[in-house]
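You will see chain A twice below: alongside chain B first, and alongside chain C after that.
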Partner chain A sequence: MIDFAIYLVTVAAIWSVLAISLNLQFGMTGLVNFGQILPFGIGAYAAGIGASLGYPWWVGAIAAIVFAPLCSLAVVFPTRRLSQDYWALITLAAAEIFRLTMLNTPSVAGGADGVMVPRFGSSTTALVVSLALLAVSFLVAERISRSPFGRMLRVLREDEVLASTLGRNPMRYQASVSMVAWIMGAAAGIAYGHFSGYVAPTSFTVTETFIIWTAVILGGPGRNIGVICGAIIIQVLGVSSRFVAQWVDLPSDLVANLRLALFGLLLVVMFIYRPQGLVPERREVRNAARD
Partner chain B sequence: MLQVVINSVVYASEIAIIAIGVSLCYSILRFTNFAHIQLAIVGGYLAYTFASIPGLPLPVAVLLSAIATGLIAVLVDVIVFSRIRNISPEGKMIVSWGVALFIRSMVAAIYGGSAKVFDVPTEVVVMQGAVFTTLDVTVVAVTLVLMVALHAFLYRTRVGSALRALASNYDLAVTRGIPGDRLIRLMWFLSGALAAVGGSLIAMQTRLQPSLDLIILLPVFAAVTIGGISNVFGAVIGAIVLSFAQNLLVWIDFGMIFTGKPWHIPTQFRDYIAVLALLIVLLMKSSRSTGGKK
Partner chain C sequence: MLRATDISLSFGGLKALSKVSVEAAPGAVTGLIGPNGSGKSTLLNVIAGVYVPDEGTVTLNGEPLPLGRPERVAQRGVGRTFQVPKLAHRLTVFQNMLAGEKDHCGETLAGIFLRPGKVARQEREAAERADSILRRLGMAHKANDLAGSLSGGQQKLLTMGMLLMADPAVLLLDEPAAGVNPVLIEQQVEFLKTLRDEGRIVILIEHNMDMIANVCDRVFVLDAGSLIAAGTPADIRADETVIRSYLGQPAVPREQP
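Right, the complex of A and B next:
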């Protein structure tokens, strides 16, 4: 039982980091990233490839943390000055291309079979690392959220033209927030790789991206505490559905599909009936003269 | 070379017929509908069901599937999209993914993950060194007929003109007495039905499984973007350009040109060409539009 609780908290912490990362991009800045799984995949695969080449864990970790923000720039650059439709498409395409590369080049990371990653020494280590990662991400995101930089991100989300008239370059803000967010995503990926001990392309499909989206929309875009709640609810639903499967004796892949259908339904229902999420973003009133 | 042309035309037909629904939806409702891919998959599965359980002939099964999928698209609009007409395009896009996730999982839950194969009687034809099947001919013919019919409908009938009026200026068209809601339903029916035909054709050419959506996702959206998303027949041009680019690049022997040893781009890297084309188009658009949103 206690093992199970540790497992659940670890998983929820890792996915909360991903949700915070997406919240920085979408909730705060309005960037529609449909490839949120990409930085996560980069982190996990860097851990795996680093280990398979025989390097210590921190080599893979550093590689991921350097590579992920560079990727984010590569994605931001072509879509500058274009609407969010294109940002969505390009992030989606980038994530799919990454998955396909890993799938089609067995020499790099085992292709469809994936690659083994050395596990954390014990499940408690995994728990502590994930919670520490969550704490750091949360503090960074909250710091950004409360800073003048974060307020400008919100201005950007509401009205890009307004931000430009204030003398700010929207593209620079978008680029810097994506770099921070993608580093978080990569860090979550590294932790996930060492936690699960195994990395394969099936863990990084479009569907996984939308599980993160469901968490963010459910919790409340723009509010870090909210998206953590969302991620926890989603993970608890996900894990408990396995017990339901054993209990009512249905095939596990059927239950897995019904669970995904439920996530899709949650996303749609939340958007129609409660777009502000379970924990809505607080309205901020500021006196410019006093600030 | 003839083989490249044939392969390109067949692939372009399959992609175009699905891509056109995305453009149709965008031109009127101004959002990118990611659930459209799932409608194609639903169409494929329904055609399979009609063809295997009551044992209907394949053309009838596809026709029934097109009608049923069109109605499903209308139903999705009534339940979901009609409630969120006034939110931002980003919001609609995200909702469309929720819908996609729901439909995809329900299809997988009902039909299971194993691949289904259509029992299509097909013969191989060899003509001047190029090989194709009678199924390929059917695919191209069906697409051509549907495209011509759609074009005639949009440009030669009153209802078609009304749809185009909605696409060019929704508010003005509604003020002038065009029944916006009813025509939006019609648009959903058309795009769902076309998606179902496209999905069935692709499923006949390959195999039907829930993960087929990941295979057609990138080419379809690349084709739509290349052709210009708000232009309905732009999607067809986009599909043709994309398909020729993919098949040519896979066909050219790059090894002979650069190193003297035969080497081709492996066919599983076709999607990279789609994304590359997408990137080039985005870079071009990005440098063309100066300031503001486009």
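Right, the complex of A and C next:
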């Protein structure tokens, strides 16, 4: 039982980091990133490839932390003159290109078979590392959220033209926040690689991005503590549906699909009845003006 | 002095502006009037760096302004408002005001993580300035309301307030009085006069001829993309071409009192 609790908390912590990273881009800045699984994949694969080449763990980790933000720039800059809608398409495509490349180049990372990654020494280590990563990500995201930088990100979300009228270059803000978000995504991927001990293309499908989105929409776009709640709820639902499968004796693939249908239903219900999420964005209130 | 010289701009086959030249002096309010579709907002967009003209130049105090780079034009001290006010609707009035702060060191990642003290200091100064501008606009009691919840007239005042945070040398105002109640219009007129007295360059697009006559020192009249008249409000009201194309004549002659 305690092992299971440790497993659940670890998974929830890793996915909370991903939810925070998407929240920085979508919730605060309005960047519709349909490929946030890409930096996660970069992190996990860097851990796996580094280990398969015989390097110590930190080599893969550093490679991922350097490579992921560079990739974010490669995705941001071509969209410079395009509207936000294209962000969705380009990020979606980038994530799929990465997954398909990994799937079809067995010489790099085992193709469909994936690669082995050395596991954390114990499940407690995995737990501590994941929680530490979540704590750091949360503090960074909160600092951004409450700062003038975060305020301008929200102005960008509401109206890009307004931001440029105020003398701001939207691209600079979008690039900065994307780099931070992709570093978080990569860090979560590194932790996930060492936690699961195995990295394969099936872990980085569009469905996974969709699950991160569900967590953000459910929890409250723009609110870091909210998206953590969202991620926890989604992971608890996901894990518990496996027990349900055992009790009701349904085939496990059917239950897996029903689980996705449930997430989809959650999204629809949230959009209709509570678009601000379970924990809505905080309104920064100024104390009564002194006269 | 702000000068737009020989500005021409076509959208496909539509000639939006042809060889239009206007100038606006500091310490004066310059009006820009004309029928709908005459190119007033387009001209404002060229000056503000939103559109790149096919030909022509824009200079501020003799220095050319970058064309097609709105954020650079804004950094040079040119602020503009829009006919439909642009605001961050889901932020409070006060947050919107603070977003107008220029060169905020708290808007870089290095600033917020490495120099939190400096950021807090600038934020305090900006907050004090925002307070005083809001008071000047008569909107201090609205500081914590969401910008999206304000009335149209208040939203227009707020966009002016945001511009003033950056202390701009030039203000380009696109129909600040449209859809605004008479009391707020009077308030705006007073406000424009103080801006003028502070020595700023103010360009005003407006259909409200009383407001134009009341605050403008010089008026340019556009029709179908061309400049058809320029002069004082009194000159313009008497100008035959302007009356024909824009102001019109009373259908029934007014009774003399």
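Convention: the second predicted complex is superposed on the first by the 284 of 291 C-alpha atoms of A that agree within 3 Å, B and C clash if a C-alpha of one lies under 4 Å from a C-alpha of the other, contacts with A are read in each partner's own complex, and residues count from 1 in each chain.
The rule we apply is simple: a contact is a pair of C-beta atoms (placed from the backbone, for glycine too) under 8 Å apart; a residue touches a chain by one contact, two chains touch by 3 or more.
This structure is a prediction, so every number in the text was calculated from the model and none was measured.
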So, A:R168: does it touch chain B (first), chain C (second), both, or neither? second
In the overlay, answer first, second, both or neither for which of chain B and chain C A:Y198 touches. neither
Looking at chain A, does chain B or chain C touch a larger number of its residues? B
Is A:Y7 contacted by the first partner chain B, the second partner chain C, both or neither? neither
If you stack the two complexes on chain A, which partner ends up touching A:I144: first (chain B), second (chain C), both, or neither? second
If you stack the two complexes on chain A, which partner ends up touching A:L100: first (chain B), second (chain C), both, or neither? first
Is A:M152 contacted by the first partner chain B, the second partner chain C, both or neither? second
According to the stated criteria, A:E284 is in contact with first (chain B), second (chain C), both, or neither; which is it? second
Touching A:W57, do we find chain B (first), chain C (second), both, or neither? neither
Could you say whether A:S176 touches chain B, chain C, both of them, or neither, answering first, second, both or neither? second
Footprint overlap on chain A, where chain B in one structure and chain C in the other make contact: 161, 164
Give every residue of chain C touching chain A within the complex, in rising order. 48, 50, 70-72, 74-75, 79-80, 82, 86-92, 94-96, 98-102, 104, 106-109, 111-113, 119, 123, 127, 131, 134-135, 140, 143-144, 146, 162, 166
Which of the residues in chain A come into contact with chain C in the complex? 143-144, 147-149, 151-152, 154-155, 157-159, 161-170, 173, 176, 180, 281, 283-286, 289-291
Partner chain B, residues of chain A touching it in the complex: 30, 32, 34, 78-86, 88-90, 92-94, 96-97, 100, 104, 160-161, 164, 205-207, 210, 213-214, 217, 253-254, 257-261, 263-268, 271-272, 275
Once bound in the complex, which stretches of chain B touch chain A? 31-32, 34, 80, 83-84, 87, 89-91, 93-95, 97-106, 108-109, 112-113, 214, 217-218, 221-222, 225, 229, 266, 268-269, 271-272, 274-275, 278-279, 282-283, 285-286, 289-294
